[in-house]
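There's a structure below that I have some questions on.
Chains here go by letter, A, B, C and D, matching the order in which they are written, and residues are numbered from 1 within each.
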C-alpha cells in the first residue's frame, strides 16, 4: 500500500496547495490512501465542515485533528456525520466523533487511522499509550487491517519518539503533528514501523509556524494582546511523507519525506 | 566563512562520532568555525571539563549549552576558565560563565557565538529577545564581527521560529537545539539569516531522544521512577548544518543539513 | 498606617460587595489606604476604565492587576491616564502603564504599591526578584516612603512564599493574589514584613474560583469548549487582610484576615 | 463520625509535631479517624516504611500520598504490604499499592479514603474525575460506607474547587493537599460535602513551603543548582481540619480548621 500523510494544513495557503496538487499527485505517486491533519485548516483555527469537504473532494481520504479540533464549534455538531474526520482518541468518553476510522480501500484492503494527543506540555487527556493499546488489542496488523496509521499530535519530542518506539512492530506508521515544522528523522524503526517525529505543516513558512510574523512576534515579545494572529498568505510548502507498506504484514517497506513548494528545500520521494 | 553547527551531543556515542569524524570533516568541508552544543555530552547530563577538552581537541571551537548546563556541578567552577564554553546568556546576572564568545579566526576574521534559552515550557530565565537585542546593539554584522551565530535552546517551535524572524538580517545564523530531533526546514530567511528550527542531536536515534528506550518508556508509561535513563549506545548520527556566509556582510549565502552515520537518512552538504 | 488589601474582584457580585461595604469599612477600620486587585472585575475578564472609576469612587485608592490585565483591551489605551491602576511591573519595557505607584496619604505620609507577576506555571515575564529589587534600590522604607505594599500575582506557593522571605524586612506587606482562594497563613515574617500567600477573591465562592460551576466543570471534565464561563452571581465574600504598620519603620505591627459575606466563615479583624 | 485530616507532613519537624500531639488530640477531640498526607515525611522527599509506622503508632489511621509518593524507592516494594498507605488512585493500571482504602471503625462503621492527583501543572495521570467517579459508582454514602474522604493532591485551585463541586453530595469531604499552605475556605458545600482547597502542611512555616529558606531561594533566584533543599527545622504548625459527619447520611455537619504550634495563627476547632 502506498500512503501519503500530510501535516497540519494552515489556512487558505495550505488548503489551496493541497487542492491544487493532490489530484495530480494521487496518480503520479499511485496513492492508495491520503491522510491529512486538518486542525488549522479554517483560518488557522479548527476545521469547518465545508473545508473538510473541499479537502475530501481534492482526494483526501481521512482528516485527523488535534488540540484545535473544536476551534470551529460547528465541528462539534457535524463530526458524528463525518466518520472520516478523526479527532484525538483520548478525549473523555462521550466526546463527539471518533478517535479512529477504518477505511476500505481498493482490492479489499483496509486501513485503520488513529489520531491521538500527547500530554506533555498539553491539556491532559487520557493516557495515549493506554488508549491506543486498548484499541490495538482488537486489531492485528496484516489480519484485521492491512495498515495502521497513527497521527500523534504532541509537543514533546520525547513523547512522540517514545510513542513510536512503544508501538514499533504493531503499526505501519507513527507520525507526529502539531509543531508545524517537519523533522528530518524519517526512518523505519527496528521492528518495521515507519516513523517521523513531525510531518511539518502545509502552510507558508515565511511566518511563525504558519501565522503572520508581525502578530506572532507581538505576542512573543510584547506580552500584551494585539491583533489576533492570522495565517500567513504566501505560498505554502506541502509537508508530509510517503510510506510504502507490505499489505500482508502491514509493516513499512519504504518511507520518504515529501516537501514541495514555498520556502523549504523541496523533496520528492524517489519511489 | 564556512561554519558547521552540530546539535546536542548525547553521551559516549555522540562524542565518539564527533571525535572520530571531525578532524577529517574540518579539512574536507574547509571549515572556518565549528560550534557544538554539549549540554548532554557527559553521560547525557551536562558537560564535564574533561569532555569539553576532548571535543575541543577534536576540532570544536566553541561549545554551547542549555538547560542541562549545570548537571555536572564541576562546570560551575570551571566555566570561567573556559571562555569558549558558552552558557545561555539569559541566566540572571552573576551566573558563572558567559553567554557569548568572540572567536578570532584565520585572516583576521571574528565570529560572535551566542547561546540563549527559550522560556516556553522551560524554566523562566530572562527575556531572550531583550537580552540578545541588548548584546547585538553593541555589534554590527560585517563591522565588529564577520559572523554572528545564535544557538537558541528551546522547546516550542513558535518561540524558535519567532526568534529567527525577529533577528533576521541582524545575524548570520539562528539555529535551535534541545529537542534532539533535526528539522528539515533549513533555509535562508528573507533578510539573509540562515535558519533551522533544530539542529538535531549527535547521538543514537534508536532511542528516545538519545536515551535508552526501556528506561525512557518506563518513565513515560509507568509514571513511577525506574532506572535513571542512560544514553543509548548504538551508532550515533551526527546532526547539524553547514552554513556559508559572506564575510563582508555577515549574511548567509548557503545552508545545508549535515547528517551522517547511525539510523537517519544521511545528508552530506553539496557545497 | 492602617491598610486594607482585597484580592481579585470577580464580576458584578464582587464589585457590589465592595462598593456596598467599603465606604463604611473605611471609617470603621480607620483605613489610611485601600488596595484592591481588579484583574477580574469586568465580568471576570479584565478591568474596564468605568469599573475602575466605580471602585475608586467607593474608596479604593490603588488597583492592582495580573495576567488578566489586558483582557479588556480599552485598558491598554487608558492605563497611562490612570496612574493609580498598577499593572505587573515585570512586563517588558514599553508596556503601557506603570508597575508601581506612590500615593500621598494624610499627614504627609506616602505609600508605594507594587504589582508583580510570578513566572512558575505562568507566562514568562521578566524576573520578579530582579525587577522588584531594582525598584527597591531606589526606596528606603521609613525614609522615602512610609509603607511598601507588594501584590505578587502568582500561581505557585513556593514562588510567593519565597518572594515574601526574600523581601522580608524591606517592605511592609507581601500578599499574593491570582488563586482566588484566601490562605490562612497571615503572619509577620521574622524581619517585620506582613505576609499572606493569597488574599483570596472578592466573589461568589459557590463557584469554581468565582465562575459559574456548570461552565467551569464542562471545561475541566469534558475538555471540549462549551459556554464561556461567566462569574457566579451569588453573594460575594469580600476577602483580604488588614495590616497595621509603623510609619517610622514601615514595618508591620499587626495583620489579620478580613472575610465578610457570602459562603466563607466570616472574620473581622480584632484591631 | 469525627475525623481529622492533616496536610503534607514535612520532615522531622512535621513528624514530631504529630507524634507529640496526636495521642492527646485523639482523646480530646474524640476522633474516630485520622488521615494524614505523608508524601514529604521522609526529609521532605517521600515516605519511608519506618516513618509510616511511627505515624501510625502515634494514632494515624490512613496515610495518603502525592507526586512525591515514590521519592523513597523502598515504598515501591513495601506499599502492597501496607494497605492503609494510599497512593494517588489515578496512576496507570499496574502501579504498586492502591488508591483507596476502606477502614473499619468502632461500632461497625466504615470509611473509604481516596487519594487522587490533579493534572493541571502536574505530571499527567489518568483523569481524576473519571477514575474517582468509577470508584464511587460502587459505593453509596451512608450505605456501603459511612464516610468518604478524598484527598485531592493538586496545584491549581480551579481543579480542586471544581473537584469539590463535582462530587458535592456524594462524599463526606474533599480536601486538597500539595501547596503546603492552608486555605481559609473551609465550608460545607450546598449538597453536604465538607471542603477546603488545601489543608496546609504540617511543617515549619519559617521556610519556603517547608524547606530551608536559603536553598529554596537559591533555586528561585539564581536558577543554577545549589544545595539540595532540606526541610526547615523550626517548630512545625500542624495544619488540617476537623470534620463531623452524620453516620447515616455520610454528609458533613461541621467543619473547622485546626492549626496549632509554630508560626501561624492558632485555631482550635470549637466543636
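Everything below uses one rule, namely that a residue touches a chain if its C-beta (ideal position, glycine included) is under 8 Å from a C-beta of that chain, and two chains touch if they have at least 3 such contacts.
Keep in mind that what you see is a predicted model, and the values were worked out from it rather than measured.
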item	value
Labels of chains that are neighbours to chain A and to chain D	B, C
Homomeric contact chain B-chain D: same or different residue positions, threshold half	same
Pair with more cross-chain C-beta pairs in contact, given B-C and A-C	A-C
Chain A and chain B: spacing of chain centres that average the CA atoms, whole Å	29
Distance between the centres, which are taken as Cα means, of chain C and chain A, whole angstrom	45
Multi-chain contact residues (two or more partners), chain A	92, 221
Interface residues, chain B side, partner chain D - complex	69-70, 73, 76, 91-92, 94-96, 123, 125, 221-225
In the complex with chain A, residue positions of chain B that touch it	121, 129, 155-159, 161-162, 165-166, 179-187, 189-190, 197-198, 200, 205-209, 213, 216-217, 220-221, 257, 259, 263-265, 267
Residue numbers on chain C that touch chain B, as the complex places them	92-93, 119-120, 124, 126-127, 130
